[in-house]
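Letters are used for the chains, namely A, B, C and D, taken in the order the chains are written, and counting of residues starts over at 1 for each.
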């Protein structure tokens, strides 16, 4: 019966539509001979460049992905309903519900390279162990008392924590509390789907009692979360960052320190009122995942970031505060938990509320992840700052 | 009127079909509540993982590209007809006719990451100057007396020559003879299309008289084609390999030397009877282009390569000789100029004719290009040699 | 008059003596003709290999440096006397007293590549600003309330803190208290002296009032001492680690965590009872200085490290506890502040006291610095662990 | 009896003298208390910084090595005498006679990091097999018909050829002719002596008949001397450049091409009339040896190079032509085979003869090797071009 549901998804697949229609260059006059030639091309599985060049080789990126916002309350509500109706188990693997960019034909892709999903785990539930070549992370906008068990190491997840998961590490989740919990998963599924590099392996159906532990710090943090220090013992497996959790208290302090230094007159922030940190692999100092960059940005109360644009795409989630964001031609008011995408070469800026309530800092905290490491590794990164954009 | 032609192409676009049908995992029972939930997902541009996981996260790559062979005589004939019917000029830019993998929906993509086209230039014709972020090369299976002008340096093209063209270098072509000439172009157009990184710029409409020169060696070769030597003067622009042509005489000699060394009892070849060289950037020793690997393989008369498979896709062209190649379930007899694709994780082997005519060496020379540098840069490369494959 | 003192130093210079006498290989019989030949060599500033090869090309490193220990109480006392008698100021620059390895001819070199000195600053004193290509660090075995001002950033120094100082950064010191303070300086002075790479520049004679500040954390720490995080703003100068202090509380916790993990049955330590962390540059994950590696080792109460030997030399200082160390043929009892050298390819092991007093942990904490990055950069590192040594 | 000879060498050792006397900074007044303090320092093997800083930390490199020239005819003559008087065999290993910089105390060191020697092999002689961590090369200013056998591969040596020999490769030499042959050896013996990293191992006493072969090209060249190409087979051992000979015909052509391009109006040379190539490791594109850079410079007839200075030291040999070179305060006329040193941070320039005989090109060809890779690996390289020097 579920094939019905499957079909309903398939039928929702729309042909991808480019944001801007591409003018075809001047074409040769259509004669019977040309028609015959073109039929010959079709017969031989050939396509000429001169009819396609405008689409294939545009003068600048014309993203197939649309700027779009997803509201946290609706995601949360649907995820909770899924928690009631859909079990978690082997095969489906995770109760994860992915953002499907409206202009990408119904595919569960936030952008051409990035997957973003809300994952939901009920009290006492486990998500079974598996591993895959796709690089992944979790980011927690609310909740606590779920542990991700990575290669046997239970890693706590709490509001503000960032948990990277480089490809091919075994991992499972368990909810040790009597409350459901939701968080977001980010992966490079669309990229690896496009280039066809995926491997996937099922793990044990049950994790052990020891792995069901609920420590306050994972073993990875006890080994690696000491600033500027690394163990002398040869402990790295070569499968990405050995630090499996970046706790909110460190992120928050780093952002506060930047704004305080700015206030004292020192260079520390990206621009006035805009602090930002990048999550890094302590073994290399580089990006935390080979294909995904992750950062936390703080826009101080009443501040606005200058418009920038970059090749490559990003997904943002509002971690705290509220404000206004502009992506290309779109402008939205956003608040805690809302997710939105910034497609390639689309202008982006963010503004925090000037008149926040007295009870909070008024800052707009934005979690961001992007495919920047892919662009940098292949020499394809471009960045335009304010002047070039306007 | 050309919109007709355009439409005829559009109508030929087929929905991509995966090679193997993917079994959906067990699904929850379809209830009215579940239907409501799924409708809610659709309304909010959401897609669950559990219905898609088999397609998105397969246990190993299930390539969307099909193994396919294109015959040189037919390509050559169609290209010659295009030479009569389709002018080369600004807008269309190049008289290039691309391989369109039969299972990629009519897109002019040989594989999900690679573009391969036959380009054809009539006597006295120029192809106008432009530049683009897409990395490119030319490889010449027959003909001579065309020069590619790269940043003002005329580079001769002759049978067996390989000409890399890293992104964002200005380039044009001119045919200085009274014969048409055909060669193949390889680019990373599909990759850059997928990740949306493309920039393109038109150059001058005419190249200068000096650039129309017909030197036997380009300036780039005079500076860089000396084995193990580099100029002390700081001449590299940072836009890829400064060596713009790899002449056949060097490639041929390197392959002959490997087979001769093998015959003398020394380790030199990939396996018995199978010599191979890789084109490299002399500044780094690494791949000649950031996204494309290029190699020439020689399978000695009567030899056969062991089956291997790799993540990532390749395009091959038979440069010389004839033989039999196997790709996945397919086996074809191939000879000079034929092109074929090896999709990701498909088994490949090649065999040269045992009974070649007396007049030639009997070796099967295969030019290969692939997306291996992308896979290596992102940590996604996997290789299986004979034992693992069988 | 001071030339007297200078001369007394010069006169103390002894001819370097190799630890083991080197047998000259068999030599040709001395004939009048050979004597004439050798005289010809001398006249032309030539030396044959065959008389020198045993010394120049030994079968394994025969260090010119001797294992030696310097006792902290005597260093401290002499430094205090110097505090009374020798002013700090422009020209002499620092009240630093260097370890002079007994077999290195009176040169102030702890090993052929490393300088180690006790520096002493009286209450209210400043050490003037300068910069040099020599890479440096401070390590504090006792005291507090001195700040090192690096490029204008006052960095506090307290017991257990490690302060790297990559070459060519401006720096000064000021003692803001009414107590003298002593610490050790480590530099690559002998290496840069040997290869002749040194530059030195005098800075301002007075630092500003703002730089005389006494913050609890330096600005560099506020920007960079957050585990796994880096500022997105482009703040690195390219002159080595931007993190200018590695506070003891982090080092201590990392070591405690390793021993606790070992106690819980997990791999975390170098070997049973032996925890160790390396100071790293957060921008690269590599060594904190281009020519100097720095580490803190903790040998738990009653534990002993297995003998190892490495190419390259090290200097150790006992940070806490007491125990016994073996270097080559030497064995010494050591306690807080004692310094000793481990020359190239000399076997080393350490043992903590089994019966420490109740009042402390009983662990032996050893600060170590070495020239390992030089050996690794030049491909010259070798390491023998227990089995190979014995 | 040979101990006499040894002693005569030892007695010729002079105390190293720095080129420029270093003014000691102002010193504290010598009081009885200070004398006591200084005596205390001596007793404890301590040396203060303030008496030594001018020597240890100069404002710029003050090289201990002196600019000096060695004349080829005298070296050649003495080497020939050694050929008569001193056998080659196990123990002495090589009939090599090293340049001993006049201000380096009689040590056989051309500079603080570099060894340069003339090696001489009589007809039919072998130099026995060994290996060592010291990186080495041969450069041939005259002669032929000697083969260096590297890991079993006989490599021919002829005038103009450069043969790198990365550390820890087995190697021997054999002279297959009835003429003696001389060439120069370059090694990093002084550097490895200073930092104490040396290992040395004796090989077989006799090489095999097969290794005694006299091929025109070594196997390494047949595999690796194809411009821009590398074998696909995994043949590199990780012990430095796999290309064991850089033949003169390639070097000569590269230099000629540069000067011709300059004549045609293109950028190709270091400066007008000054062509230069660097020998590189084809696997990395970087320096041919981890610690030694090697280059060939051609100064066209009547041209002069602009003065430059660099940190680090070089040794030059005149390969062809004659001219005038200036090193610091020294100026010498030089011709084929003459060797000279350029110490660290000493100004250097070269001028070819304006009125060369009709029978040759009139160019001055200078082979150069230096320790630049060490300086670059450790971040210590500095270069001053014309303006800064004058």
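Going forward, a contact is a pair of C-beta atoms (placed from the backbone, for glycine too) under 8 Å apart; a residue touches a chain by one contact, two chains touch by 3 or more.
None of the values given here were measured: they were computed from a predicted structure.
S.K.: Would you mind naming the chains that touch chain A and likewise touch chain C?
M.R.: Chains touching both chain A and chain C: none.
S.K.: Centre to centre, using CA atoms, which chain is the farthest one from chain C?
M.R.: Most distant chain from chain C: B.
S.K.: Distance-wise, how many Å sit between the C-alpha centres of chain A and chain D, to the nearest whole number?
M.R.: Each chain's C-alpha centroid was found; their separation is 54 Å.
S.K.: In whole angstrom, how far does the Cα centroid of chain C sit from the Cα centroid of chain D?
M.R.: 31
S.K.: Could you tell me the distance, in whole angstrom, between the mean C-alpha positions of chain B and chain D?
M.R.: Measuring from centre to centre gives 44 Å for this pair.
S.K.: Two or more other chains touching the same residue: where does that happen in chain D?
M.R.: none
S.K.: Each pair of chains that touch: what are they?
M.R.: Pairwise, the chains that meet the contact rule are A-B, A-C, B-D, C-D.
S.K.: Which chain C residues qualify as touching chain A in the complex?
M.R.: Residue list for chain C touching chain A: 219, 222-233, 235, 241, 243, 246, 250-251, 253-254, 257-258, 260-261, 266-270, 276-286, 288, 295, 297.
S.K.: Which chain B residues qualify as touching chain A in the complex?
M.R.: Going by the criterion above, the answer is residues 1-6, 8-9, 12, 24-31, 33-35, 37-38, 40-42, 44-53, 56-65, 68, 70, 74-75, 78, 81-82, 84-87, 90-102, 106-108, 112-113, 117, 132-134, 167, 189, 191-201, 290-291, 311-313, 343-345, 371, 374-375, 377-380, 382.
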